[in-house]
């Protein structure tokens, strides 16, 4: 009986496990293997180099680490700015407010838009010569702030981070909204009867119940942002110099630009391991946070 | 409960299965079909038209399959090489090194014999420069058996362009573009005074920076010294190289570079020049078609990058634009070669060049083309290309060099600093190569 | 009475502030959309010359041209087929797995779950080569099934993660009641857990729809036959190596964006309704 029950349980995850094993684990294993070789991606001969690729990534590839720092910075902006924005908007749209259907639809437009459009529009806004932002700054009396936002090393990364956050907040918004909707309304009504004010309700009902969702969004944000690159290509191409270079661009550069396929695989694997560690810490943190509340 | 889902599941799988079977039957083709993979979106219709003509003429069906953008195409060709599913004719995008790998892996047919048949009849179709890009010479460092391995279908050159209307506005003679660097710099002063923008180019794409830097390097130190640098015999900290880097600083300081040039992809740059936002542009011959589409009234001329020194002749990048290779394992190899011969004949080349505004690879077909395009074609004899040098610089070094120029332009680093950094990376890569060589020998 | 007015005034002011905030964000979201549609009605010559959002001359024919030149008809059907299959597949497979991870105890549960999570995080950029060789061996290359299975795999981990988080959140009392009524595990999943998870299922649907809808690199690598290609491939027609036909591209992008927005609007209903109404077992 017990065996039958256990088997039944496994049956639930079986389809996922099969697809996963064939289409993820096998290629993953192969890629990991390739990471141990010096290979150009074409020739039938692969030179086994052991962990040399990994060693090179960790100890020699300064640009790789710089790109990691850039990605971490963008992620930090996304975690704070993007998610706060998403949460506030979700809170606002969770209320009985006019036009809320309109807002709900509009806020999801940036994620739907193609990176090509987003890149072109923001390039136009941030352009140093004919940009909308600069002309507004002049009109509003801040001519000293005028600059070429995307090719100025001081602002390039910030601009990319903000545009990325703008493009991505729709996801957080959506998930937060779904989360807020699952909070039973009775809880608020009961609290109201007990004389709680809005802040108290927010502090004692909304926040604790939303903690798992916040952690979910945080993890998804980290993943989505660390792996972003299409928008960056469209906006700066990783430049100026290395100021907006991110890990995925480095991996692509190794793969296509310098035909070091094995090295690219090793980069991908080490990148993934770092992400796993970060997310695992986040996950543990979320478990802790849940216990506190 | 379970049954219900099983049924849905089975239905789903069945329907997918039926669909996929269906497809496989469609894909199975009768013999004598030549399949071509390419990435040239703008030539899709022209190729289809030519394929039709060819089928009418010979009864052999040619299937042109387009996979764009070129990044995805490159990945597809490489994956197909691993799966041994390359088509009869395909193009290889990438550097000489990659091309060599494909040849050494046995994916590419050696066309030397075909080219040389009948006193080199086929060979003589082409501009010498166009063929050279597909040729491995006797002493190439890649270890490829000498020979010609690809068929060029068009050529290109990369030069500078100037807006004639702005030239008049600046009080310059629109028929007399600047010849040397000082003249060029002087124009920068006028551009600044007028509040115009100087030269625009897609310098977020590193190879375009590399291209201009190489033009200058060839002019300052000559080809031999550039090659020696690549071989590691001359450091990048050599005064001549610093001079090359300094030119970029000067151009920036004198207002000759478009504000923001380092983060433009080339398409953005093209759009700006087409809409008369910049006085100069640095671009390839394909731009004629782009500008024509965006601004037919754009009045511009083509010029060589300004001369920096009298020591060595000027040279620009150019040669074969796109080439096709024949799959050595194809079972319609003969038909594929015959088709490529036909495709590079005079008439077909004229048709291609007229419909797609590319310079033909067949030297007899450069007639009656767009006047700007003709200006580009005029300088084909002084072209060079890294693919012709018989040696490749380490990708890391190229990247450091080009990114370094970006840093110079944004005022972050001095030419001296960049040169030192590049040299440091160069030495590291050289050491690594030595190490791996000794390892190989040890094995 | 006074305090009533005071209370109301405060509320009105608060509402105004909220609306100003929401509207300003909405404006930044709408701007690119309007720009895209505006550009799609311009010509190649005016697209970067005439900066007005609403062009003076409307070139509606761009939509017709884009549709025809891109060969949208066929690709549209393909993409709809891929999207429906993949999304259904993911919803089915991932909700089963997520339910098990959330509710059952079995050996290796945590290990397997962490494995899925790790998969979500480790991008394997070079994986297209082994994947290609694998599909070739399985005779799934150049078949819709191969592509669909790959795409199901792409969305699987994230969907499981999303669903598990929400399953963990939903109260178990309803399930307990149903279990007493003699409902099987599968029945519980279908009749109780899934209806309760509607908001997050809607998120999963939107997330994966967008993923499949915008995918083309994998499709280009797996498919040889143009007949099988998805919608995004049509858009690459307008982005040549050298020339981008901006108005046609924008028209094409507008056409491709509409169905996704519609699906989102459709799914919103489920996100908003939420648990309070969904709790009644349907």
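Labels for the chains are A, B and C, by order of writing; each one numbers its residues from 1.
In the analysis below, a residue touches a chain if its C-beta (ideal position, glycine included) is under 8 Å from a C-beta of that chain, and two chains touch if they have at least 3 such contacts.
Since the model is a prediction, treat every value here as computed from it, not as a measurement.
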Which of the two pairs, A-C or B-C, is linked by more C-beta contacts?
A-C
Of the other chains, whose C-alpha centre is the longest way from the centre of subunit A?
B
Using the average of all C-alpha atoms in each chain as its centre, how far is it in Å between subunit B and subunit C?
37
Cα centre of subunit A to Cα centre of subunit C, whole Å, reads 16
At least two partner chains per residue is the criterion; list those residues in subunit C.
129, 239
Two-or-more-chain contact residues of subunit B, please, as numbers and ranges.
75, 78
Could you tell me which residues belong to subunit A and also touch two or more other chains?
41
Subunit B touches which residues of subunit C in the complex?
44-45, 47-49, 85, 88-89, 128-129, 132-133, 136, 140-146, 148, 184, 186-187, 190, 216-217, 220-221, 224-228, 236-237, 239-245
If you look only at subunit B, which of its residues touch subunit A in the complex?
71, 74-75, 78, 81, 94-95, 97-98, 101-102, 104-106, 197, 203-205, 258-263, 265, 268, 277, 394-396, 399, 403-404, 406-407, 409-410, 412, 428, 436, 440
Of subunit B, residues touching subunit C in the complex
1-2, 5, 12, 16-17, 19-20, 23-24, 26-27, 39-42, 44, 65-70, 72-73, 75-76, 78-80, 82-83, 85, 87, 267, 271, 274-275, 286-287, 289-290, 293-296
Partner subunit A, residues of subunit C touching it in the complex
15, 18-19, 21-22, 25-26, 28-33, 35-36, 92-94, 96-97, 99-101, 104-107, 112, 115-127, 129-131, 134, 149-150, 152-153, 156-158, 160-162, 165-166, 168-170, 185, 189, 199-200, 202-203, 206-207, 210, 214, 235, 239, 249-250, 253, 256-257, 260-261, 264-265, 268, 271-276
Where on subunit A is subunit B touching in the complex?
38, 40-44, 47, 49, 60, 123, 127-130, 148, 150-153, 156, 233-242, 253, 256-260
